[in-house]
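You will see chain A twice below: alongside chain B first, and alongside chain C after that.
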Partner chain A sequence: MTKATRRGFSAGAALTVLGLGKAASAQPAPVKIGVIYPLSGNSASAGNYSKMAIEVGADVINNGNAELAKIIPLAKGGGLPGLGGAKIQLIFADNQGTPAAGQNQALRLISEEKVAALIGAYQSGITLTASAIAERHGLPFLTAESVAANLTERGFKWFFRTTPVAIDFARAYSTFLKEQKAAGQKVGAIALVHENTEYGNSVASVIADQFGKDGLPITQKIAYSANSSDVQPQVLQLKEKNPDVVIFISYTSDAILYAKTMKELNWKPSIMIADNAGFNDPAFLKAMGSTVEGLVNRSAYSGGKPGSVPAIFNELYKAKAGVELDDVSVRGLQGFLVLADAINRAGSTDPAKIQAALRATNLPAEQMAAGYDGVKFDDKGQNVLASSVVTQLQGGKYVTIFPKARATANVILPYKGW
Partner chain B sequence: MSITLVQVIVSGLLLGAVYALFSSGLTLIWGMMNVVNFAHGDFVMLGMYAAVMIWTALGGGPFAAVPVAAMLIATLGIVSYFLLVRHIMRGPMLAQILGTFGLALFLRYSAFWYFGADFKTLPDTIVGGSFVLGGVRFEGSRVLAGGMGLAITLALHLILTRTAIGSRMLAVSEDATAAQLMGIRPQRMQALAWAMAGAATGIAGALIANFFYTSPTVGETLAIIAFVTVSFGGFGSVLGALVAGLIIGVVESLSAYLIGPVYKDVVVYILFVLVLWFRPQGLMGKA
Partner chain C sequence: MKRYLFPGALVVLALVYPLLVAGSPVWERLGALVLLGAIGASAWNIVGGYAGQVSVGHSVFFGFGAYSAVVVYTHLGWPPIAGAPLGMVLSVLLAAIIGVPTLRLAGHYFSMATIAVAELVRVLSSTSEFLGGAQGLGGPAMPRTVFDLSFISATPFYYIFLAVLAFLLGLTWWIERGRMGFYLRAIKDSERAARSLGVSSGRYKLYAYMLSGAFTSLAGSLYLCMFGFVDPESGFGILISVKMVVMAALGGAGVLFGPLVGALILVPLEELSNSYLGGRGAGLTFVVYGAIIVIIARFLPSGLLSLFERRPARPPAAKNQPASGHAD
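Moving on, here comes the complex of A and B:
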């Protein structure tokens, strides 16, 4: 943990206000953006890494970065030119890992802090409640990482989502597995193990649907609570049926328990897929990386050549957080950059103008920090240019293995584990 | 009976012994002074961090971490008693609840500040992997924790019921004023109870850290189990916590395996409510 975050916590664990850039007398008032993340609770490590990524983004816009300025117009420094050089002020709020706290924090940010827009909230179940508050108050809410399908099916007018969603992942996994089948791997029995809140349930059902259409048999479905203190029975259920492929949809604490328990009970499938989230948390990799060698995952982050947007941001982020950008933190950063771009084009903190600017967003692939094909929203607020790659943990690092066009390494099967 | 089912029951028993291990400190405090320590889960959490720190800094096996964690948390128990608990005990029930709850939040967020939000785990080579006995797999660190759980709860039970110091502690819990008239110093006995509870809790934390993740919020996850175990077994009864822990561990494992992991809490809590229905004082609590 870096000094910067410790200071963040000492300033108050539930709420941290970071004033970025000192306002001079002639300077326009800063634009406040509310950021809701799990800063405590079981997903706090993921939330804190995303927080640092967004702080890096705000710092680039407020204070500039010469290299990035060649590619991203807003990176010249000096705040948002569309608002006369107003700086961005991030107001962080802790959702404590519960939908109720997320909702309260959204309300507080809107009514007390008078933020111009909201971004958050990591867990789909919390994004669900927090964005409903923004909708009621007519304020833009952007989620950069919540993937539950129904979030964009509510007919909301103020809700935007930059991340690829479950159906994109399901298709990627399905094509990947069919390719492995053609190469001689057994995929005759597939188990789906998922936590039972909004995120796990919805992603599991989308994967089950897609696999059903593609003729990939799901033979076992295990739902569990992410706050479980013990996962031995689940692993024993898997061990008994012994499927060829297991897909985990988990948060961090449960991901650690699964990795540990599978080793304890000495069972592994020949292909193990983790749907991001917990298995992608830097804290998980630090703690358990050596026991899940060969794990297949998805990612929106796939590095990039030196001098590219992701590579530059990765350097800035590494200096601050001490770890490399990963799928979750890069999506958070990307979401923030999209929101900042829209506020700049709106030229105002009027919610309706920001909403109109978000609708008109059209960012090209080369400006992306995340590995998307760009950002462009459909009528439901979903980014239609979002995409993700399939990665594998090789030698303690995630490398891209699928699709072929973006692969940086060959897939190694069967799953090695520990 | 299939071998997997035997494995499930064995896992459940070991889990239950661990539940008993980290619940014994909570039930001891209640039995001694009718105070519910809401910071109990966070005491366990600090015991876990003590073990993690000792391992990362000094290497060394659980044999170094366990006594150090025991001493650290025992000290924390004594300090909490003299600085906080002694004073709030004179206040109304609500003050006691909020007092230890405040202590819980203080400890939890101090851990956030000092250790960060990251999850930590210990390398699992230390307590020697796992072994197979009659087709059933036993994991060294869990067997150690479960075994120590049994040993510590039994030891606490014997100290309270078979020794002079135990009798004095029980005398204070029955009637502090009368005990004082007999020449027993209530505050000293109560501080001793906090120290013993702290030591048991520190040992629990250090042993659990072997097979569980350590994070500032892990106390929340564990505290709920401790409260259920203690009220199931009977507030104040160390032996009750042991029996309740074992029952909960097995019921949880079996229902997760046979019915489904999302239903295990339903089964455990139905059982819990039924026990409280017929025996509000818990399995072994005093009526």
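Moving on, here comes the complex of A and C:
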């Protein structure tokens, strides 16, 4: 896989940022932030990209970036002004893709490294066990990418989540479709096609609930197994009912099958939406990109106009990682920036003060690296301004089409396909 | 009495260990993790070591234990530890169901069958809504009563695990010295010879398998109480089975203290290598971890405890076991 080789390339470069914490003698002690990610195991690729994204963020705060400083106050360089210019030192730990290792490492970062706060841990199950330790020790834990709904339902006082969750995706689709309806597109019949494990089932039911409230009629629901080697029956079902909009919630190989089969059976809806995952996979784009022109998708990453926060961060990240920021890495970066901002406002590494500062967080949309409307936490620690941008595949590349404020291209409908 | 020196020193050290490392949560936890690993590996040792039936699918019992604990919490609101007896009963039944057909298979074929069963259960569990699907289930987030066993320090877990391990090793010792122990060793050396001498080999292998399954399940329940979460991979994943085999083989399979010695080496090695090397993100942990296992397997194929078993007065019980051969 190309991802794996890229990771090997940048492993050496990744080490350099670690040295930044050691500052001159007059400097205040660096602020340690513990970062738990899957650096080995199944999700190592995602973990290592997120690690690099966070290193870019720490580098900007410690050493400054003139362009970003115009928009983000912390990007002036020279560390955290609220703590007398203390630099940020990142302490990374590998969760090895297991909930046990994640929890053990969280304990080590808290008790041995004495970090001021923790960020991580990518997989929802590992975030669950790692944050439980942070909660018992009274230390802030911020997750930037774990989306399991139950994480914020545990009554934790030290847990914060910046990423959007299923309900935010559903709202983005709903608003987008209502806007298209107002513009004259037909959205009278909507089909939901989802794979039948946890991911597909839960996202589908959240979308169905939200659409029900918003008066968007779901006329067809098709569940299927992501392992199936043939999706003709499902596509024939769609062809028979001929809905205006189809929303796919799929993994990679099934996404490829659907794209193929729809072309073979020569059927397409006028709006085709894919819920990230499989349809965002570079492998999917490589195999099927030319047959799904005009596909609508979601992402936390919106390239943005030149000079915007995401565009500048993307340049910095590309220089380090060799690839562009994407949905996962940008959420990690955003989570780190939120945590750094809170520690700066807390003016201290006292966990209770950081917790209070996180609760008072109120960051505007224009400071966002990710495509959120801002960051503001509710009582449960969920970012209520988290949102997704809607993207569309135009000329083989995803461009942002919604919301208007962040759009870099116009919507092209109906769906073109092949 | 030289032969009691090693176990005696071990017992004293085990009892005072938390006092020696008091104030360092990481080392307190490490002690508990070693004991938990030792419980699992010692449970495996009954069937894999003594009876020589190398199961590489023991995660199925571990997962039953972990899920039983979390299910009684999720669906009934009980403290997770209350699910431990349920897990043990279910595991004994499951062992009977799996064991009757698969224990007829010899050598590698038995190992392969156990892997297949564990993988099957893992896949099924990831589609079961009752078990939380692929996302898994979490235990009580905040302790409600002391029975939820949500401690900040790992020391209470340490003593709970120590008590369980002591009981398990005591039971194993009792079996080892009794008729069943002789039967199991006879079956391991040559099943055909044992049968010709009137040992009901099928029945005793099954007994060992059921007992082993019950205690592996208990290890799973204890794991859940400590970590508070299980999903199909961390409950039924093949790595869990492999770790049990490697620990027992490393210390000495079919030897009473073998799995404990294996856990004493492997668990700290795993934790410390991840702590000091893991953050660099190059997978260095597993390179070092694997290299040390290879070195031990190369130079001490019968496990570390074979170092102490070279005295001529004792029969070379731990030598040339098929068990350690499989685990290399």
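What we mean here is this: the second predicted complex is superposed on the first by the 244 of 418 C-alpha atoms of A that agree within 3 Å, B and C clash if a C-alpha of one lies under 4 Å from a C-alpha of the other, contacts with A are read in each partner's own complex, and residues count from 1 in each chain.
As a convention for this text, a residue touches a chain if its C-beta (ideal position, glycine included) is under 8 Å from a C-beta of that chain, and two chains touch if they have at least 3 such contacts.
Keep in mind it's a predicted model, so treat the numbers as computed, not measured.
By the touch criterion stated above, A:277 is placed in contact with neither chain B nor chain C. Applying the stated contact rule after C-alpha superposition, one finds that A:112 touches chain C and leaves chain B untouched. In the superposition on chain A, A:44 makes contact with both chain B and chain C. Looking at the shared chain after the overlay, A:236 reaches chain B, while chain C stays out of its contact range. Once the two complexes are overlaid on the shared chain, A:260 sits against chain B while remaining clear of chain C. When both complexes are overlaid on chain A, the residue A:125 reaches chain C alone and has no touch with chain B.
The intersection of chain A residues touching chain B with those touching chain C, taken from the two complexes, comprises 39-40, 44, 47-48, 196. Considering their complex, residues 24-26, 29, 33, 126-127, 133-136, 138, 141-142, 150, 152, 223, 227-231, 233-234, 271, 274-275, 278-283, 285-286 of chain C touch chain A.
Within the complex, the chain A residues that touch chain B are 1, 5-6, 9-10, 13, 39-42, 44-45, 47-48, 196, 222-225, 227-234, 236-237, 239-240, 252-253, 256-257, 260, 263-266, 281-284, 286-288.
Touching chain C in their complex are the following residues of chain A: 11, 14-15, 37, 39-40, 44, 47-48, 51, 91-94, 96-101, 103-105, 107-108, 110-112, 124-125, 128-129, 132, 135-137, 148, 150, 154-156, 196-199, 201. By the touch rule above, chain B contacts chain A in their complex via residues 4, 7-8, 11, 15, 108-109, 112-121, 124, 130, 137, 139, 142, 211-213, 215-218, 221-222, 225, 252-254, 256-257, 260-262, 264-265.
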